[in-house]
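Below you will find the structure I want to go over with you.
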Amino acid sequence: MTDLLLSQVKLSGESQFGTDEYVVNMGPQHPATHGVLRLIVKLDGETVKETIPVLGYLHRSIEKISENRTYPQCITYTDRVDYVSAMSVNLAFALATERLMGIEAPARAQWLRMVFVELQRLASHLLWMGAFAGDIGALTPFLYGLRERERILDLFEMTCGQRLTYNYIRIGGVMIDVLPEFVPKCRAFLDYFEPKIAEYEGLLTYNPIFLERTKGVGVISPEVGINAGICGPSLRGSGVSCDVRKQQPYLFYDQVKFNECLETAGDCWSRYKVRMNEMRESISIIRQSLDRLEPGPIEAKMPPVLKAPTNSEIYSRIESSRGEMGVYLVGDGTAKPWKVKYRCASFSNLYLLDELTRGWKVADIMAVLGSLDMIVPEVDR
Amino acid sequence: MLTGENIVQLVSGLLHWAYAQAGISSLAGVIDPIISAVVMFGFIAVFVMFLVWMERKVSAHMQSRIGPNRVGPLGLLQTVADAIKLTIKEDVKPVNRDKVPYFIAPIVAFVATFMGMVVIPFDKGVVVQDLNVGILYIIAITGFTVIAILTAGWSSNNKYALLGGFRSAAQIISYEVSLVLSVVPIIMITGTLSLSGIVEYQKQAGYWFILPQIVAFLIFITSATAEANRAPFDIPEAESELIGGFHTEYSGVKFAMFFLGEYIAVVVSSAVAVTLFLGGWLPLPYLDFLHIPGFVWFLAKLLLVIYLIMAFRWTFPRLRVDQLMDFGWKVLIPISIINILATAVVWFCLYGKGAQ
Amino acid sequence: MTNDELKSKLEADFKDQVQSVVVTAQKELVITATVAQYLSLCKQLRDKSGYEMNHLSSLTAVDYPKENKITVVSHLWSYKNCFQLTVKVDVDRGNSSIPTLFGIWASANWFEREVFDLYGVVFEGHPNLRRIMMPDDYQKFPLRKDFADDGFIVKPS
Amino acid sequence: MGIVRYFRNILAGLWNLLVGLSVTTKYFFKGTTTQQYPEERLPLPVRSRSMIKLIYDDEKDQFNCVACLMCMKACPNSCIKLEGVRQADGKRRMTTFKLDFSTCIFCGYCVEACGFDALTFVSEEYENSVYKRGSLLQDEQAMKWVRPHSPAAEAAPIENTAPATAGAQS
């Protein structure tokens, strides 16, 4: 990296008044990078010539640590892979381990998982909406998003005792059954929350400034998007049907009715709209799941020590809030995984940042970065 | 009856009596402006502190928060505490700064905007200097801010600050045009450049200019927001892109001066908007029997306009720099030119040669 | 299409281009190939009708120090046909080198950089093979099993 | 037509700006949702994983812990250190118990693994900030907690219903 920066210092040899690239080092501490992402941005005036993401500032070697932990202990680390959507990562790891060991979680646990993962999707999208609007310059939606998110976190805290890193979805079931008052409270929240989405949309969706900033900015064409591994809502904004919940149903997603939200333009506004619509779909999924919630056990019968079969491996995917979340596990017959790999949506989505911002203005970096819904711990792991 | 004019006469009478007692009556021409400047400075300092508090309260309540509420009743003294903190804070300076411009820039930013206050009529006769070219003066003086901001951005030796300075230069110069053009119809109608004269015209005409000139009012508010570097036109200091823009490297008192300057710019442009479009110190129609002093009306209208500008800031996203230029040159300026033509045609049809 | 049908289809279509096609106990379809077969196999998997594995879901590696090999594992997914394939290639631990998939799936760029960073597998033809997570001047490959952890990793008692 | 569209766009833009302003104005006149923390304290849910405590049986005048080391094995961060001795009556008793809260992530595995009702979460005590890092290393005296005898508090914060696999692994 130093070479790269040094090369900018040299003056152009042809003319005494040669122009240099204007290299701005955004991050690791920068208000718009949502954490410790560093971007080296080469500018020509206001126009971006190149954006080089420098990763690794939040690399905590979760995959290496997980190799030294038992399978249940790994779940505590999955919370930290994507702390904004910890339930999803819990679920991804739990499902992968269950498939690796041939464990089947009981129905109540599955429905509960669906309720919590979709609630988590709401919470994550709310935070994303606020951060995205903040990147673009509207500061108020952030507070509105957090206000509603607090209520979701209250529901989580009531059930599992934590607000951010839940460790709730476990191998073979869930940690603890919900309280009797959970279901009515959750329904009350959904009734309260549903009209709020229209309010956010009133603030943003057709605001002329918001439209100017997002329409036609950062267009991902379907072919490029698929080829570059973009996934989740970011790819659905380009009109590619890629929802793992539909394509490779896990839990009971094949038993609930919901639409896969698609937009066709592939720009920041489409990605925004997809996520706003997904919130409505999530509400519908939670309602259906609550309807189907019946008493029963919440965890499968399991041996006291979980051991994976020798030379077993599994690649299991779920649709987390940010997109496709894959967990690759290799078992070696012991209680600890031989290899853990988290395939994170943020990591693959961030890859296209350079291409999307090239030739655009500085402010568009923030719009594109925000619309890709990137979480730095998930990028770096 | 309590009016602003009476108070001014009383105070100036007292002063001149005091001069006579002290035997310095011949120096009245020198001391009077100094005293009015000091009074104006004191007023503006207190008012801006109130505005900062108000902005925090307004934004807080818009966002379902409470806002400052610890220092003083309702947190009113919070800004005083912040001002003290900024004053006694260490002044962190970049090593490779350009020393003289770096030092001068905040002073220019503050003084330039503050000088605009000189011609604002708070009430009939309550004005520091009632220039007969008041509008011209204000537009000329507020144009100085761009020099301050560009100097600050350049001398800070910081890439974000430089970008912010450039953006500011482009922005303020573009929006100056539409600002002036939106004022032109008023000048055409009234035939005067004096702010007091314009208010007097509205008094005689019996209507405020916001009614026939709503388009000009909207353009003026928009351009004034942009002139003051306020969101949604705050691209020179866009914190999600440029950290702090031109004042990234400023701290302590120097930062406070930029901050103060920004708020004074808001006050000045809102005051001009009130004077031009909302009838200045004139009472609301049918409410003049209340005998509320004119400066109270003026301040009430001023706060209303400032609230509007604050509501803009906390509701709208920020424009991109090229879109800002597009908006200025392709929307505001054409419309204000059309507005000028339309005003000219309509007034010619109504009054023949012109209002005079 | 069930995995077994797919397996026989794969075996028919890629007879001498793969080493083995296995359906694992976890009901996953795993193709094992050699380094020489790897690139053309992946290209055909992407382009051949009936497969169209247009999504490289993940690319990683697994270290097997006892067998002195590192297995590069790619997980492919077809958005069109909705099935998953795993492609495994063994490379030598000491002198690991494997062609890059960047020309087939652009998403392989960062995945391969990560594998290079953490395992030291060299991807030939990669446009920008630098470390991605660790500092540029870092010498070790942390996810290898023989990584001396310098006491950074607390092992549970 | 271009001119008509030009003006229509401007008017539509103005209208949508007003829609946005109406939302913020509505909340401007609505109440706030903030809690003033040090003065207003919300009761935490009973299941809240706020602080780990060692249950002390004041009738028997001893800790419930028998030093079976299950919590130590369950802990993913190995932040629990404890020792025990076999007493004269043949039963094991805990002698020292140390929990390093600077590495504890409050996952709850230790509480779930405990089969002797010796560890518990309490929801009342959640202000865990300290001035010195050293004071995060708590011993059995700092973590001593006597269960209140009121029936309302009998419900344990987290019942021991979690997967049994949480502990019992090495």
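Letters A, B, C and D name the chains as they come in the text, with residue numbers starting at 1 for each one.
We adopt the following convention: a contact is a pair of C-beta atoms (placed from the backbone, for glycine too) under 8 Å apart; a residue touches a chain by one contact, two chains touch by 3 or more.
Just so it is clear, the model here is predicted, and its values are computed rather than measured.
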- Task: Using mean Cα positions, find the chain sitting nearest the overall protein centre.
- Result: A
- Find the chain most remote from chain A, comparing centres computed as mean CA coordinates. B
- Query: When the C-alpha atoms of chain C and chain D are each averaged to a single point, how far apart are the two points in Å?
  - Reply: 40
- Task: State, to the nearest whole Å, the distance from the C-alpha centre of chain A to the C-alpha centre of chain C.
- Result: 24
- Intercentroid distance (Cα basis), chain C paired with chain B, Å: 64
- Roughly how many whole angstrom separate the Cα centroids of chain A and chain B? 44
- Task: Specify, in ascending order, the residues of chain C that touch 2 or more different other chains.
- Result: 155-156
- Item | Residues of chain A touching at least two other chains | 69, 73, 140, 144, 147, 203-204, 207, 209
- Task: At least two other chains touched by the same residue of chain B: list those residues.
- Result: 62-65, 314-316
- Query: Quick one: in the complex, what on chain B touches chain D?
  - Reply: 58, 60-66, 69, 218, 311-312, 314-316, 331, 335
- Message: For a test of understanding, state which residues of chain B touch chain A in their complex under the given definition.
- Response: 59, 62-65, 159-160, 163, 166-167, 231-232, 234-235, 238-243, 314-323
- The residues of chain A that touch chain B in their complex are 22-25, 30-32, 43, 45-46, 133-140, 143-144, 147, 203-204, 207, 209-210, 212-213, 361-366
- Note on the structure: Contacts from chain A onto chain D in the complex sit at residues 69-74, 76-77, 79, 140, 144, 147, 157-162, 165, 167, 170-173, 175-177, 179, 199, 202-204, 206-209, 298-299, 302-306, 335
- Which residues of chain D touch chain A in their complex? 9, 12-13, 16-17, 19-20, 22-24, 27, 33, 44-45, 47-50, 74, 76, 105-109, 121, 123, 157-159, 161-166, 168-170
